Structure formats: C-alpha cells, structure tokens
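We call the chains A, B, C and D, going by the order they appear; numbering starts again at 1 in every chain.
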Amino acid sequence: MIQSAAFIGLGAMGYRMAAHLPKTFETVYVWNRNFEKAKQHAAEYGTLAVELNQAVQADVIFSCLPTSADVEALISSIEIKAGSIWIDCTSGVPDSAKKLSTLFEQQGAAFLDAPVSGQTIGAENATLTFMIGGNTTAFEQALPAIQAMGKLIQHVGDSGAGFAVKAVNNMLMAVNLCAASEGLTALKAHGVNLHAALDCINASSGKSNATETILPQRVLNRSFPLTFALPLLAKDTGIAVDLIREAKLSAPVIALTQSLVQAANGTAEPNSDFSTVAKMYESWSKITIE
Amino acid sequence: MIQSAAFIGLGAMGYRMAAHLPKTFETVYVWNRNFEKAKQHAAEYGTLAVELNQAVQADVIFSCLPTSADVEALISSIEIKAGSIWIDCTSGVPDSAKKLSTLFEQQGAAFLDAPVSGQTIGAENATLTFMIGGNTTAFEQALPAIQAMGKLIQHVGDSGAGFAVKAVNNMLMAVNLCAASEGLTALKAHGVNLHAALDCINASSGKSNATETILPQRVLNRSFPLTFALPLLAKDTGIAVDLIREAKLSAPVIALTQSLVQAANGTAEPNSDFSTVAKMYESWSKITIE
Amino acid sequence: MIQSAAFIGLGAMGYRMAAHLPKTFETVYVWNRNFEKAKQHAAEYGTLAVELNQAVQADVIFSCLPTSADVEALISSIEIKAGSIWIDCTSGVPDSAKKLSTLFEQQGAAFLDAPVSGQTIGAENATLTFMIGGNTTAFEQALPAIQAMGKLIQHVGDSGAGFAVKAVNNMLMAVNLCAASEGLTALKAHGVNLHAALDCINASSGKSNATETILPQRVLNRSFPLTFALPLLAKDTGIAVDLIREAKLSAPVIALTQSLVQAANGTAEPNSDFSTVAKMYESWSKITIE
Amino acid sequence: MIQSAAFIGLGAMGYRMAAHLPKTFETVYVWNRNFEKAKQHAAEYGTLAVELNQAVQADVIFSCLPTSADVEALISSIEIKAGSIWIDCTSGVPDSAKKLSTLFEQQGAAFLDAPVSGQTIGAENATLTFMIGGNTTAFEQALPAIQAMGKLIQHVGDSGAGFAVKAVNNMLMAVNLCAASEGLTALKAHGVNLHAALDCINASSGKSNATETILPQRVLNRSFPLTFALPLLAKDTGIAVDLIREAKLSAPVIALTQSLVQAANGTAEPNSDFSTVAKMYESWSKITIE
C-alpha cells in the first residue's frame, strides 16, 4: 500500500499538481532544482521539501520535467527503490519510457509514462487528463495517487503508449491549427467576417479545439499569450513523426505539418507561444487573421 | 412582407427543411425533379406541390441541390420575380453566387448563398446552422423564413461568403479526418488502445469533430454509413482550394489534403461515405483503425 | 505560302527571336507597346516597325507577352486576318489558347500556342525549344517560320497542349529546385561540402537542371541574377495546378510545391529571381546554401 | 603502402567491382555469404576466395551489403586489423558510419563510408561515382584502390557524409520521379503526347534524371524492370528524412515524398522496381502514363 508520495519538478504544472497530494497522503516530499520553489511549496501546502535522495524513497514518485532527456539524467543520478512506482508526467519520448521501464523492472520497481493535458487550470482543479502507458498492476496500485490530480485517467497501453498518445494529440492540435490558419486567411482574403465564420464552423463538422479555443482566444484577439512555447510544440510534433518513421508508415499530413511547425519555429521570435504558427501564414499572405 | 415561400429540391435535407415552412407561412410551394416526392411532401406536411413556374413566384424561394451547376441550370430555365429573395442552401461555388446575385439584382430581386450544416437530424429539428452571404437588407427580410429551419444563423459577408465558409468548414473537416486517421494508424502500430486514446484526445487540445464523432461513429466501429458521399467532399475541398488559388495564397496543408481526398476518391468503391478516406491509409499500412 | 511575318512583343526574348525572321522572310513587321524598341529593332535587323493594325496583316504573326491576359487584350483590339496563323510564344494559359483558337478558326485563321524554352541565349542562337499545341495543318504551314528561331520543335497536342507542357516543365523545375534546396540545407547542417556533393549528385540518379545549373550558378555563388522573376514562376506553377484541378487529379508534390513558391513569393523582395526560393529555406534553417 | 585488398559482398554491384582489383593488387581476397559466388569470382578473375577471417587481414577491405545493419553485424564478428582501411560501399546510415569510424579508430584502423552510383554498367566499366566520408589521410591512402573502380571520386566530408550525400541523391531522385509522374498524368489527362512532351522538357529547365531516363526507359514503355527495389528506395528516403529530423530542419517536399514512397511501397506487389511509384498515381487517376 502506498504510504508516501513525492513530486519532482515544480514548474507551472507540477507546483499545482503536487498541491493535491497532501489530501491523500500523510507524507508528501517535493523537490525542485531551484530548491526555493520546493520550500515555498512546503510552506504553502504542507509538503516536505527534501533532498532528491530522500524524495525518491517515496512509494510513488511523480515527475514533471521539460524533456525525457531531463528525466533520464535525473534518474541516472539516484538509486531506484524496490517496490516504488515512478509516474512521469513529462511530455516525453516513447522509447525513453520503454528503456526506463525496463530499468525500473530490473530493480523490482515500475515506471509509468503518464503525460497530462488540461493546462494549469486543470492542474489547479485536479481535473487533468492522464494518458498512461506501462505495467497494469503498477497502474492500478498508483491509481489513488493519480486520482488526487486527475479526472479522466486512461491506461492506453504498454510502456511508451502514454507518451505516444500525448505526442499524437499535440500533433493533431498542430495540424488543426495550421489548417484553420490557412482556411481563415483564405476567408479573410475573400472579405468574410472571421468571427461569424468561426461561429458557424464551431457549430459544424469542421470544428476543432483550434477553431473553438486557440484561434479566438490567442490569434484573432492578437494576444498570443505564452503558455506553451513553440519549441516545445516542435519537439512534440517531432516525437509524433518519429513514431511514424519507426513503424514505417505513411502520414503525409502529419509529416508536412511537422515541417511547417519547424519552419515557424525557425523564424519566430524567442519565447513565442505555439499559436504564433499563425503569424507565419500571415507573413506569407500579408493578411492578418483578425 | 413575405407572404409565400417555396422549397425546390426535396432531397434528404430539403424534404425535412421544407416541412417547417408551413408553421410560418400560409402558402408554401414545393417542387422536385422527381415530382412524386413533391406530392408526398404536400400530403404529409400541407405544402402545395406545384409546377416550377409557379413555385418561383413565391416571395422567398429556398433551393437545395447537389451543385451550383444544378442551381444555375434551374435558374436559367425560369423567370426571376422582382422583389423575390432566393435562398440557396446548396454547398455551392462562391463565384456562382456572385454571378447569380448580380443576375437577381438586375431583376430587382436578391440571391443569398445560404449553405447549412447540421445533417438530417438538424433539418428535422430545425436546428441547422446557416452561413449566409449576400445583400444585408435581403438577409434581414428573409430572416423569419430562415429562422423556421435554423438555430444559428450568421451573415458572414458579401455574396459568395456563405459558400466560402461552408467550403472551408468541410475542408477543415477533411484535414482533421486525414490527420486523425494518420495519428491513429501510428498509435495502433505501437500497440495503443485506440478507444482509450480517443477518450484522452477528446479531453485534450488535439480534439476535433473528426476525433469526437467521425472516427468513433464511422471508422472504429467499421460502419462507414453513407450519409455524405466522398465525391461531394472531393467537390467541396476543391472549392476551398479554388478560393486559395484565386487569392494567390499559400495553404500547404489544405492543398495536400485536397490531393489526398482526390486520391481516396479515385480508389474508393462507388457510393462510399467520406469517412472511407481512412481506408486509404489502412491500405497503405495494412493496419485497421479499430 | 507564307510571304510575310510579324513579331509582337520585343522583350528580352522577343527582340532576339524576331532578329532571325529577316533571314527567311522578305517582309518582317515588328511592333512593341514601347514603340522605340520596335524602331531600334528595325534599324538593327532590317525589320519594319509598323502600327499594330499593319503588323497583324502578316501571314504569320508571332507574339511573346507576359501573360495570356495581355495576349487576349491585344487580340481583342485588332481584326484577325483570314488565312493568317498566330503563333503565341507567351507562357500562357491552356484555356485561353482553346478560346483564342476557336475565335481564330471562326475567322478562317489559326492560333497556335507555342511557348519556348532556352532563355535569351537560345533566342540569340535560334536554338529554342518550341512546344506547340493546335491545328496540325497550321503547324506544318508555320514550321519554316518557327524553324528560323528554334532547334527542337514539337507538336505536342491540340490547342492548349503547348501551354500545358510549358507549365508542367516550369512546375517540375520548381519542384526540383525546392527539393534540392531542402537536400543541400540538410547536407550543410551535417557538415558536407556542397560543391563536392553536387558533383556527385550530378553524376548520379538525383540530378536535375536544378542541381546541374540553378544551384551552382545562382544559389551557391550567391548571385541570384534576375533573369526569370519569382512572380512569373508563381504564375506558371499556378497554371500547372489549375490543369490538375480541372482534370480532378491528385498531385500532392506539385500542389505542395506551388504553395511553397507562393509563400516564397509572398516574402521575397521585389524583383527577385525565381532562385530566391532557396532563401526561404535559408530563413527557416539559418543555414546558408553555399 | 597497400599490398592487399579484399572485397566482401559479391552482389550485382560487388561482383563487378571486385573484378577490377586484381589489375592494381597482387593479392585480392573475396568473400561472400553464399561462398559459391566467391569461388566463381576467383575462377573468373584470379581473386582468392578465402574465409572471412583471412579476408579482413587485407590492407584495404571493401564491403557492399544491403544495409548498415548487415555491415555492423559482419564487423562485430571479426577482428579489426590495425592499419587497415575499410571502405563501405553500402547505401548506409550516417550515424552507423560515425559509430564504426570511432570503433576502427580505436583499433588504429579507419572506416570510410563510400557509397557509389552508376549501376551495374558503371561497376563493369569502372566508371562509378564514389561519394566518400571520413578521415582524409585514410581517404588519400585508399585512393588508388578506389580509382580501380571509380571515375568520379569525391571526398565530401567527415564520417557519415558519404552516406548522407547518397541518401539525399536518392531522395532527390524520388522527388523528381513523383513530380514527373504527377505532371505527366496531368498532361495525359489533357490529351498531350507524352513522348513529345518529354522531349521538350528534356531540352528545358524541368529536366531531371527522372524525365531523361526513368520515365522513358521504365514507365512509358511499361517495362518497370527490377533493378532497384522499391523497399530500398523507401529505406534510402527514410535515411534522408532522418538527417533532416536530426538537424531539426524543415523540408516539406522531402517529407511529403518520403510519405508517398512509403505509401507506394505499402501497396506495391513484392519485388517491384522503384519506378512502380508511378503506378500509385495511375491507380489514383485511372490514367496510364504511356
């Protein structure tokens, strides 16, 4: 039975996610590279800011870092506790999950790839979606801990499957965003009212999260708030095309979109939100999507 | 003031749409090439099955035909009544709308392009979405008649704008369908449970009508019900790329997707639903999306 | 039998092409919108600078203008002489050729679409390639006149076929240029010597006019000389995609390349050579192809 | 100084290549998995058919196998001789070359990636093109041995550069083939004579090896001779996109073409020549490219 939990990586997501663990566990360790953040979390939520060595002695350990390379580096510096379950919420690389899963298994422990969606608001309200790959028994054991933070929690397959679903999700978002930017540019060129057009599309078969949320809330109002950096979308779409390459599949729309996200990333200003992909189309057409 | 209405083209959509007009108008003419359909409608809903000549003497005339070419052919065979408003619900060609609009204006009448979305269920429940282009005064005069059948009714711009929005909507649907088919093929190849994956995606940023409705209800259950024929999607995506060509824009994802829909249409069996685009990807990968 | 010839449009190509006609015909009229050019040509080559009305009384009339729209406008302002053969060397639109061909036929005359390749050097040396569409009898009658300027002269099909071949040729050039730019960017990123790489490719299966001529002579040496303007390439690739749309074909590589040329054209400086397409890739990758 | 040479892998290329070595070296070992081939070569050309162990004791060792995986497996089974130079003519993977190069260096030996082009006729006539990556000193030492088989021999960069150039070359060939197939399908649909059209294109800016050689000699004459298998082209184009992914570049035309080659490979009959990519387009359009 799970007695203690830990959360490693207190970024915008992790900080809010870890806040829910004390409701379920008496002992909750937190650790962050910038350790002040951990102390602040402890003061705010009654968690315990401890050394990394101690944190990884918890029964379940959550991590939420920028990339799989960060997770691998961190894990290579610690000793894996037998019986522990590591739940990695990073938007990571499936092959890395497989490698780490084997490593944990050899130590009598388990590694689950468990990326999330729902943004900071979902982290705050414990309504995140978890897409989880890895050992089913470990998944069931860890479920109560995960439920403290999530609403929809799905075991989607073996090790790596969670990361794969997250990469494909972000890829589809990128496709829908590119296509909607293209479509709205065309409508604007023909004198159509884009707000009215989006209302119609969002009541019709062409709707997507891009037309319902991204374009109205980030592009048409010209805000482009930095909540998900364009280089991270470039990374995630890259993971999706790697999945396709490995399986020797043909996915032309995805392959093209990855190229376009890469091109947008190559020409965007630093610290650009992913929604600035729309600006690449604007530079090509001299048309503002508003 | 509008006293009489007519509905021309009693297909799966038109038959149900015309059924709502008698609630608003005392005199409702209906006409259909296969005239038995018109008589049946009259018997069922109290409309008047009349000759085309008489139908087009109504104050507002709705039409719902397969293509703009059909509408043009029909209008070239009749006399346009001064003061009448023609509301064409066909998924048509913007340039054709502009041409017809000018023609009606010369006769002291008006032509609105007013394609709909919402499928037969929306036609039945009078909850269709209307995306309308053309003269604003005519639009306002016709509004009560349109409200008899629609829920969301948007004037999106000048003549042709309605058809343009509909074409872009269907194009986005095609893009989202292609990308989702590609993404699910990749996930399947990596052993992911597609139902669980779709649940996650539909709670996340990658969701679209394709992942929420088309894939679960048509592809994963292997039903591919024929409700919207693939050649019609090929036609509509073609209208979208024509919009882009005319404005000399660059829309790579849309251009590619139109090519893919055309390829799928070239290899599909006759009378295939638009969702069989997914089968093209299956033939490439030997993977079944289920 | 052909007694007199005319040449209309004395641009960089036309000026040099018309210079060969006096070797074959006693009477050679020339006309140009900027009439000084015509007078200069007459002084230099013994042609006759005359009014447009007189020029079009020749037995064969060559034209070489920027677009089919220019040719149509010019022809609509003149009277077509029965028995004459009009040979249009513009890189034009197939549908326009069909329309003009019918018009000339109605006047007992003939219109051949006869675009050329070979650049100014080919015009100067009378070694141009002519790809010709239209009536076979007219083609055979006009052959001696064409042979005065061309080396390879091919009748490729009915009216419009010549323009179609020229559009496809320029489209293939654009594809090969884009792909080669992409490939060389990748090689550069991996530290490969591009000059050595091009030598190898040009002795191998990947070679094209882009790798043999365009990249070494325009891009790698950073000269980008303006000999064929990027907007004209955008126009020609547009004609190619229109051919594909009309025939309802699927041509994904061509459709994508047209989008990319359009994007490059949208961001290029005014008066850019077509080879600056390579600079778009450079802006995406921060890699210079040299 | 090089005293002895070896050739490993006596396939269609290797058999002919190895035949030239006895002109330059007194001692030439040959080895092949199917050893009968080696004995036959020895009988025909005066080489020595020996055990693999002995063959790899030569001063220079050539290899020509299907994939880098085959080369790695073979090398892992032998002892690397200090001072030897291994010249791998496989169409291989740049990362594999880097790995093997490091391994050989650690043993005081050298590994050059040295893929070739020129087909069996070039192998027979010793007119192959070699694109070579790796240590410059080793390259210069090995040059006399390479010159026995090649005409154009280029050192293109560090380890892996040779494989990279070969992959990009084959990728460009695939792009040019796809685009030319698309273009010719369009011309055929418009009634153009394809032989005449190819003559024009091959005298113009759109020409490539695809229009000059592949289409006339394999597609238009409906021969599709199996000389380079489609799965190998799929492999090579995959290597090219991997180069692009590693460098985080945007190469939309290449990415799309790899998808199309993969799709063609997924639907082609077994043992199809790479030129059957054209048949995929034919199946989409119901048009035969002839």
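By our rule, a contact is a pair of C-beta atoms (placed from the backbone, for glycine too) under 8 Å apart; a residue touches a chain by one contact, two chains touch by 3 or more.
All figures in this text were calculated on a predicted structure; none of them were measured in a lab.
At the far end from chain A, in terms of centres built from Cα atoms, lies C. Superposition of chain B on chain C using C-alpha atoms only gives a rotation of 180 degrees, nearest 5.
Between chain A and chain D the centroid-to-centroid distance comes to 41 Å (mean Cα coordinates, whole Å). Chain C and chain D have Cα centroids separated by 36 Å. Contacts with at least two other chains are made by residues 249-252, 256, 260, 262-263, 266, 284-285 of chain B. Viewed as a network of touching protein chains, the structure reduces to a complete graph with every chain in contact with every other.
Interface of chain B with chain D (complex): residues 252, 256, 262-263, 266-267, 283-286.
Residues 94, 117-118, 129, 131, 133, 151-152, 154-158, 160-161, 164-165, 168-173, 175-176, 178-180, 182-187, 189-193, 196-197, 199-201, 203-211, 213-214, 240, 243-244, 246-247, 249-254, 256-257, 260, 281, 284-285, 287 of chain A are the ones touching chain B in the complex.
Interface residues of chain C, counted against chain B in their complex, comprise 234, 238, 241-242, 245, 248-252, 255-256, 258-260, 262-263, 266.
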